[in-house]
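The structures come next, written out as structure tokens.
Both of the next two complexes hold chain A, though its partner changes from chain B to chain C.
Let's turn to the complex of A and B:
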């Protein structure tokens, strides 16, 4: 029972991280109908930049803020330079370009920083909290993860629901041509969406690094888990990303806990396949009619 | 059909001359190219002709390689049968992945196959007693007949396999089934209105493609003599995709370019980084970076790949007349619509 409890806590903490990256995927998908497979690698890259900053004596929180800004700039640049030229072509082209970017980023990180996994500091203590006499598998750092991701989610929700800018972003994602006719500058808003996703990706990188073998490839699995979560949530809504990420985190934590960590990716694959077979459009979005 | 057979015979003749006149190490590399051609041809059929993407073909190769290696370790089966089992096992894996894939559009399918590529290798690590763990399982090529060196013999097996696969796939693409595959790619709804079972067609494409990958996996295992989990990382799957795009998506013969790139690009980049004194840390990653960068540039600037460029140049040759695909080798009849360009 206490094992189950600890697996659940672990699943929630990991699930929040997957939610953050799933949010990044959702932000991009609803704006441009593209899955950015390089999102995890971009977070990896910015986290390496953070580790360089820390090594040069920059304080953790300055590095944290700087790296989120770099993530924003990188996401926006990706959209402008790589994705914009592909507009109006087959949907496979952007998939392949983001995959290419993933490979380039991992290669560059490997060439600069080497393949060996290194340590990355956590913002807060990683030893479990104690309640009375028992220590649970939930640390101060896990609390920080929870708060950081929730703050990001709420900020995005407020942006979309309560500001004119968010309304314009939603409009240009929903009907680009009509928004353009109404005077919305759709192009710059798409770039902004990719930038916001870049922030979420950078945050994910910073949150995952302390608890995993931080190297060029440490975000690969996080990306596919986040993808699983985003698909379960329907790829359209931030709330769906949150819940999908949590569901994925819990499932993977149980599979890893009871069956062994080697089966975690296979568990995610089964989860994704079941989700796609049962509800291809996801739990939180309405099925769209296909137009002949 | 006869044309494909003639072409294959011609190719076999050339390869006979080539393999008997080059060094043993070159034989090894020619064999590797042939192995990659097998998997790339399958991938080209899946993506270029049927419009489905896969980032998991490295994992299908792993299925084939491990199947053959396990059979070699535990049974005394006929060599051909062991290779066919690799095709069969990978085909079954392709069936399992292909069935949910029928309901998926591009990005979803890419994500699912990406997860597949990452999920499979840890399985082999999970049961080291069966799959040999880091050490892996050994694979041995049957003794070479006559005075042939083992390297030449293996290269012949791999080249022979590649030619057989190319002829089979080329014939398939020229048949009714090839038209069905293309019809499903171009418009699923129109295809189903025309009486095509779209789901079955897409699953079958996946099975065939995965089967090719399985054979290629077994071939590559024979080249290295060992199969372990490190041999099939995600990078391999992505490099396959890159090589397929660069060779010319949807073309079969273009995959020879893809195979050459897969084998020689790492070497070129190593010697390049040696030339510029970049250090071993960089050289290990240079090939990966080049693959990714070229993939991006190709996608934005030249989505038809090398074979597409050659075909374009051929058509512009003065007096070539109806020389479209006139190399006699092009698998796709006429001027195929490259799926990756759309309008």
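Let's turn to the complex of A and C:
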């Protein structure tokens, strides 16, 4: 029983991280209908920047804020410089560009910082919380992960649901041409979507680094699981990303714990297949009206 | 008329060109045949050898230093006239620890660079992928940088390992657990491949089956986050001693989540996974948090403090050891940029010692150098080669393992710090005598022989 409890807590903590990166994928998919395979690598790059800032004596929280801003700028620039010129061409082109960007970013990080694994500090203590006499497998830092991802999620929901800027963003993603005719500046809003995704990606990088072997490749597997979560959630819905990420995290933790750690990626794959067979559109997206 | 003449002229030219090409081809074939009669890669003034090693990718940290350190020793040899008048040309290619690349790069070394022998290539899966090819080409596959039991196999007479087989390490550490932690419950955490399985084979030979309460493993291909579930399971099973066959990153990713749930067993870690310069920084970042004080960060040393592991040559932190002093001088002189970057550490020491083993094999093979002669010389006199190892090499015609002994050491954070530029801040003390055993069912017993001192030629001229 206590094992099940520990596996569940691990699953929640990892699941929240997958949710954050899944959210980044969803934001970009909503805006530009592509999957950004470089999202994890961008978070890796900004976390290396954070690591350099910390090494130069910048305080943790300043570095945290700065790096989220850098993530925003990086996401926006990627859209403007690399993705925008491909608009109107085959949908595959921008996807290939993001894969290329992934390879380039990992190469550049390796060239600058080396391929060695290193440590990265956590915002809060990583010793488990104590209840009465027992210590549980959920640390102060895990609480921070939970809160940080929820805050980001709520902020984005408020932006989309309760502000005119969010309404315009949704409109330009949903029907770009019509929005443009109605006077919405679609281009800048797409860039904004990529920027927001950049923030979510940077946050993920900062949250994963302390508990993994932080190096140029540490986000690769996280991206795979986040992608699973995003697809389960329907690729269009921020709430879907949250739930999808959590389900993925829990599923992987149980599979790893009870069946063996080698089966974790397989578990994610089976989960993806089952979810897509049951609901091909994902759990949280409206079924598309059939075109006649 | 002039037309005809020019045509016949053209025809003549063609005939001449064809003839010339035919002669060239014939000479090439002849010279190639003549070359095959002598030994590939060997001339009177040089010998070509090669290796595939990870210079990039996840296995590169640390391991990428070994081949350049070997190069430093070969430069020293070449600066002093080579072996039997032959200079050693050492080519090492990057395989990124990917067996598919190893196959391609090894073919290039054999077919294009015409190597005499493959020396000091790294990795179990990588070298297993080319073991058949190298043996079928009769290219010696010497001193593979891996402790897999698979290198000593009569089907592959050209292959041999160098470091202690993982089963030998497992037996020596298992015997230590049995005697020093008698009656305690033991749990395993091992990498799910030959490395982990061979190590566990050794542990199982020494430990009573009833004392092993949990066997956890991890897949190195999916090693990304903390091994929380494995550590939770070990804690739930009540393991008081955790024996680990882990790579450095996995050691850290196991100790961190254990600390989260307040689980602090006695760790017993294989030589590979207890490399303090690699594991230490990973662990120290763990305790570090936003605005942590230096004292808090220093407290993490505690996680590696008291860890039991084994060593088969004197670690670089033992600065009074004559081998360490010689190795340091050699590296500083013949590979200054490597020395500036990583200093003398376990990996560079390893490279120097392995290269010196090969140089002695060349000397033993004599002036008339052939591949069969080299293998015979190692089988005949490999036991008497001089190395920094605590025990002699154990090569014979049937045994293709190198060292089959080690001493058990306890890491401590109180030993003298910072002796390398990369900062080795954890030292250790020996808690057992040097012990020898074998991969089979032989007992673990005390080694009573001598430990070699570095040869005069090396200590004087390096």
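Everything below uses one rule, namely that the second predicted complex is superposed on the first by the 288 of 292 C-alpha atoms of A that agree within 3 Å, B and C clash if a C-alpha of one lies under 4 Å from a C-alpha of the other, contacts with A are read in each partner's own complex, and residues count from 1 in each chain.
The rule we apply is simple: contacts are C-beta pairs under 8 Å (C-beta built on N, C-alpha and C of every residue); 3 or more make two chains touch, one makes a residue touch a chain.
Since the model is a prediction, treat every value here as computed from it, not as a measurement.
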Chain C versus chain B on the shared chain A, clash or fit after superposition: clash
Partner chain in contact with A:89 - chain B first, chain C second, else both or neither: first
Contacts of A:128 with chain B and chain C, given as first, second, both or neither: second
Partner chain(s) touched by A:265 [first = chain B, second = chain C, both, neither]: both
Partner chain in contact with A:114 - chain B first, chain C second, else both or neither: both
Partner chain in contact with A:257 - chain B first, chain C second, else both or neither: second
Chain B versus chain C as contact partner of A:148, first or second or both or neither: neither
First (chain B), second (chain C), both or neither touched by A:220: both
Touching partner for A:31 - first (chain B), second (chain C), both, neither: neither
Listed stretches 220-228, 256-264 or 310-318 of chain B, narrowed to the one that overlaps chain C: 220-228
Touching both chain C and chain B, counted on chain A across the two superposed complexes: 110, 114-115, 217, 220-221, 260, 262, 264-265
Residues on chain B engaged by chain A in the complex (per definition of touch): 47, 51, 53, 55, 100, 103-108, 110-112, 114-116, 118-120, 122-123, 125-126, 189, 234-235, 238-239, 241-242, 245, 281-282, 284-286, 288-289, 291-296, 299-300, 303, 339-343
Residues of chain A touching chain B in the complex: 29, 33-35, 37, 82, 85-86, 88-93, 95-97, 99-108, 110-111, 114-115, 217, 220-221, 224, 227-228, 231, 260, 262-266, 268-269, 272-273, 276-277, 280, 290, 292
Touching residues on chain C, where the partner in the complex is chain A: 56-58, 60-62, 192, 217-219, 222-230, 232-233, 236, 248-249, 252-253, 256-257, 259-262, 278, 281-292
Chain C contact footprint on chain A (complex, rising order): 2-3, 6-7, 10, 14, 59-61, 64, 110, 114-128, 135-137, 139, 141, 208, 210-215, 217-218, 220-222, 253, 256-257, 260-262, 264-265
